[in-house]
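First chain A sits with chain B, and in the next complex the same chain sits with chain C.
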Partner chain A sequence: MAHFEKANSIEEWLDQRLAIRTVKRVMSAEYWIPKDINFLWAMGMVLAITFGLLLVSGIFLLMYYQPNVDLAFDSVNYTIMQEVDYGWLWRHVHAVAASVVFLIIYIHMFTGIYYGSYKKGREMIWISGMLLFVAFSAEAFSGYMLPWGQMSYWAGMVITNLFSLGSLEMNGIVEWIRGDYVPAQAFLDRFFMLHVLLIPLAILGLIGLHFGALRIPHVNNQEGEEFDFAVEAEKYKSGDKIGAKVIAFGNDFMAKDMFVVAIYLVFFFYLVFWNYGFAMDPVNFDPADGLKTPAHIYPEWYFLWSYEILRPFSKDIGLIAFAFAQVIFMMLPFLDRSPNVAPANRRGIFAIWFWVMIVDLIVLTAMGKLPPAGIYSDIGFYAAVTFIILFIALPFITKLEKKL
Partner chain B sequence: MNESRRGFAGKLFGGVAAVGGLASLVAMKKTWDPLPSVKAAGFTSVDITVCAENELVVEKWRGKPIFILKKTADMVAEQNEAETARDIIIDGSHYLVAIGLCTHLGCIPAYRNAKKDFKCACHGGEFDSSGINTLAPPPSPLVIPPFKVDGTTLVLGEEGPEYLKMKEAGVLA
Partner chain C sequence: MFKELKILAVVVSFSLLTYYLVEPFAHGEMHAHVESNHFQYDGSADIEEVEVKIENLKAEKETKEKAEEKVAIEASIVTETAHLEAKKTFWSDVKRISAIKGDAAAGETAYAACAGCHFKDAPAMGGVRPPELNVAGALYAKDYLIGLIKDPTMASNVDHKFSAERQHPMSSVVYMVSSDEDIANVVAYLQSIAPSIDEVTPKIAFENACGRCHANKYMKWTQIGTKPTFKYKKDDLAFQIKTIEYQDGVKAYMGKLPPDLSMYYRSRGEHFLETFIENPQSHLAGTAMPRVGVTAEGAEKVIEYLIESADPKHAERNETGKWVMIYMIFFVLAAYLWKRQIWKDLH
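Right, the complex of A and B next:
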């Protein structure tokens, strides 16, 4: 039995048993953040808060939702929306957060790409982040099934059909995923399980990995400047707070982080109360009907760019292009052959690559929403080809880059 | 001595864990398989005698609409070989049996009795009375589902000799 002294305060009592002072020091008071950053560095915290909003609103929705093909639609659109006091609030928070979370993820991602925060020791931050993107995508898709409206059903049909792998016609896999020949009770039940348990568990684990991956390489800064965090931390602790290039995470950096979060939350709840419509597709307010296809089937806005990479090609080539788009961002640290960690505008041709990629993704997103006919179909085709060429060209462009 | 004992214990655990892990994977895979009740509902029997000439009958099989069309003698006489190859012949009458989903994006085409063809409202595709695509965008004919002829009963979901013959001839879709 280890020796314990009598504690003089609750904090000391807890510290003796749980080492809470050590935890606070390691996680916050002596966890160092560079000073040379901007508001884009707050997106991680914004994402954490948004995930919290999804979790809390999801818990309340879960208390009335019925994962049954005959009851699901009414449990959402009647019970939660009309009977449950403030049920509409949880639903709108959940729907808006599910959409906005992808906006923030994309900002977070492209900030990382712009400042080169995915290489020279930061590869695992990037990879764990991309795994989080995959997990969030699966979470969004499985959640979209649950109201069991027309878009739920037909999105479920189309997306699970992708697993037949085109001309390979592996319909057995599709039926195995669905537990039926078409999306039905078994399908709804298992996607409910994935949405409320398995994928959230994976997300929590990946968030832990993502934070852990930051520990050794530390957060990047606006100029990609390399410095000794231990030396700068010593300066800060010895009182030279102006000279030090770092500040403590808690409460110094947190104060600014949470300021950005406050502004974000005002915007977020403005959407929840006055402009939630963008997150709720009107087609999904018709109950699922396996004998009636909606005229246009399209995903939510955040999947449009990859959907548009699938669409303009023939079936098999489309699938290969789609698979390429799904994994290629993950490979970014290895496709970028330049040793420079610097903002894109100082990296010559890479700056052009970055902005062309952003514009291309916006064009793909816009074309993905429009019906696949005439000029839109052509623009979509060229934008999809541009996307593929951009990533094939990246290693060559960055190889030629001058060392800064 | 101690090391080799630990090594043995480690290998023993590894073996037990591997067997248990693989066995549980089998259980997990099987648990996700379609249930027997789902599979049993995957076969639909249709009494073909209720069909009237040039009147489309729509049955439901595995959650999908199935078109059954009994053709008139005139229709059969006008057909070309490729169209006749897709007919199911029962008691001397010719039938079209096909999954009623447009091969473009899966909408359900409507039958036009007067024109004796199918028109898809979504993107304007057309199919003749044998389910062969005659106007784009659909890229291929309506799909013929697995079937077996049992007297005057059509069993959907089972692969009978007539179905296998069509499969061989490559006229299913």
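Right, the complex of A and C next:
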């Protein structure tokens, strides 16, 4: 057995057994972040806080939710929203956070693209981040099934139908996923399991991977400047905090993060109390009815752009385009052939590519919600084609880019 | 600092643009905008509906090439034109009767014809229970009541559902109370016995105007009344059987069981409910649901009841929200001071 001295404080006692001082040094006091950053660098912390809100509110909801096709709708809309003290608050927090988390994910993603933070050693940060995006998408979709309203039911019907893979007509797969011919009890049970256990476990694991992936290549900075973190850290530790190009995660980076988080939470709670309609679709306040298709079926706003890449084409081409849209962002580190890690505005044609891509995604998002008729259907088609061309063109555009 | 604000402006404007496009703009495009007629029952919407239908038929006729198709559409145009004339005549009759000053005392005598069916817990007629009329004079608009006695199908704008073979359950009123004076008198009588609208509770308003066809399970309302708590299971089951039997009658009359309205305030929103209650055809052309003819105040009461069933926590939400906001603003200040203190050594 190892030898232990008598400890003089609780901290020392814990340090002897858990090495908490080392943990604090490695994870916080000497975890170095570049100093040249702006508020967009706080989106990771904003996401962590939002995920925390989802987890806590989800635990409270889980205590009253009934995963049964006859009880689910009322357990949400009556038991939780009306009978349980502050149940409405947990539900509003959960629903609004589930929607806003995607806004922040997109801002976080586009920040990474704008500053080129996905290459030259940072590939795994990007890939683990995109895997998190996939996991969050699955989590959002499975959660959307649970209130068992009209949109839950019909979105479940439409999305599971995609797995028949168009003209291949693999209806057996669809039935296997649903556990029935149509979404019913087996379907609700398994999506409940996915939502409260399997996908959250995957998300927790991926968050660990995402954080771990940051350690070696370090966080990028506003100018994409490459410098020696060890040298800068020495400068900081010797007292030249002003001259050093790095700051400590705790509490330098944290102080700035928390200020951004605080402002974000003002916005977040405004939505929770007074402007939640965008996150809780009115149609889903009608109970699921397999005999009555809603006049308009559309996914939540954050899936609209990829839905619109599926929709304007014929069945099989649409599915291929949709599959392309799902994986293409993950390939970004390998599609960008330029050696430069720099903000897009210093990268010539790439700057144009970036802003066209953003505008195109917004157009796709809008058209994905509008009824696919007349001019909207045409705009949607051209926006979808533009999206595909943008990503096919990316390797060529970036190959031509001059080294800065 | 300036650079951060510039970046913030870019992020916020792209987010707001996206929000505008997928929420107000898209919903405006998906749902026809219906203007309220402020609960004035003058038939303007009913007449316009038929006019639009005729216009559409004429446009459709232009697109057809075969002679027999043109003839078929022409026949529909003739039918609809007659229909339009009937509507115009009906609503001008209502206007004429509305100008007559009714005599409540004489109305009480003529009302005897109504009392045969309209009394408390009356048996269903053709599927639906005739309502007791003690609050009708307060809850329903005068012109609507006149119209309803003159011709129930026209006043409720469901004449497309009925014909000589399939009569409205209240169609015999046309023979029983037929002269202009009698109609004006009966309506004057109904108004004289009604309490003031302020005394009509949201619950009474809902039960009268909606509750004979629609359940509201979050308020424990069934079409046959508020569901009591039973001590014995068999009493509970007996009540359920009675409810189902009544619902079957409504189903046979309406074509399907009218939906439970518990969550309608959240699934439809206030503006939709207001305009839908005023004229169901405006949102759902061809629906079997009759116009119920409530006054503006009556509709307000009904909506108040629907808010109570779908969103009873709205006051608590505003109150809690206020305190959370005050807390968050202190949090922002504290976070700002902390950030300033730490970063003064870094710049």
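We take it that the second predicted complex is superposed on the first by the 404 of 404 C-alpha atoms of A that agree within 3 Å, B and C clash if a C-alpha of one lies under 4 Å from a C-alpha of the other, contacts with A are read in each partner's own complex, and residues count from 1 in each chain.
One rule holds in what follows: contacts are C-beta pairs under 8 Å (C-beta built on N, C-alpha and C of every residue); 3 or more make two chains touch, one makes a residue touch a chain.
Quick caveat, the model's predicted, so the values are computed rather than measured.
When both complexes are superposed on chain A, chain B and chain C sit side by side without a clash. Once chain A of one complex is fitted onto chain A of the other, the partner contacts of A:346 are absent, as it touches neither chain B nor chain C.
When the two complexes are overlaid on their common chain A, residue A:157 makes contact with chain B while staying clear of chain C.
Touch criterion not met for A:17: it reaches neither chain B nor chain C.
By the document's definition of touching, of the two partners only chain C reaches A:277; chain B does not.
In the superposition on chain A, A:247 makes contact with chain C only, not with chain B. In the superposition on chain A, A:293 contacts chain B only, with no contact to chain C. Rounded to the nearest 10, the angle at the Cα centre of chain A between chain B and chain C in the chain-A superposition is 60°.
When both complexes are overlaid on chain A, the residue A:179 reaches chain B alone and has no touch with chain C.
More residues of chain A lie in contact with C than with the other chain of the pair chain B and chain C.
This overlay, made by fitting chain A, leaves chain B and chain C with a least C-alpha separation of 10 Å.
Of the residues of chain A, those at positions 295 touch chain B in one of the two structures and chain C in the other. Put simply, chain B touches chain A in their complex at residues 29, 32-35, 38, 42, 60, 62-65, 101, 105-108, 122.
Interface residues of chain A, counted against chain B in their complex, comprise 154, 157, 175-182, 184, 186, 190, 290-293, 295, 297.
Put simply, chain C touches chain A in their complex at residues 3-4, 7-8, 11, 14-15, 17-19, 21-23, 25-26, 29-30, 217-218, 259, 262-263, 266-269, 310, 312-313, 316-318, 320-321, 324-325, 328-329, 331-332, 334-336, 338-339, 341-343, 345-347.
Partner chain C is touched in their complex by these residues of chain A: 35, 38-40, 74, 77-78, 81-82, 86, 88-89, 92, 103, 107, 241-242, 247, 251-252, 255-256, 258-259, 261-263, 265-266, 269-270, 272-274, 277-278, 280, 282-287, 295-296, 301, 304, 358, 362, 365-366, 369-371, 376.
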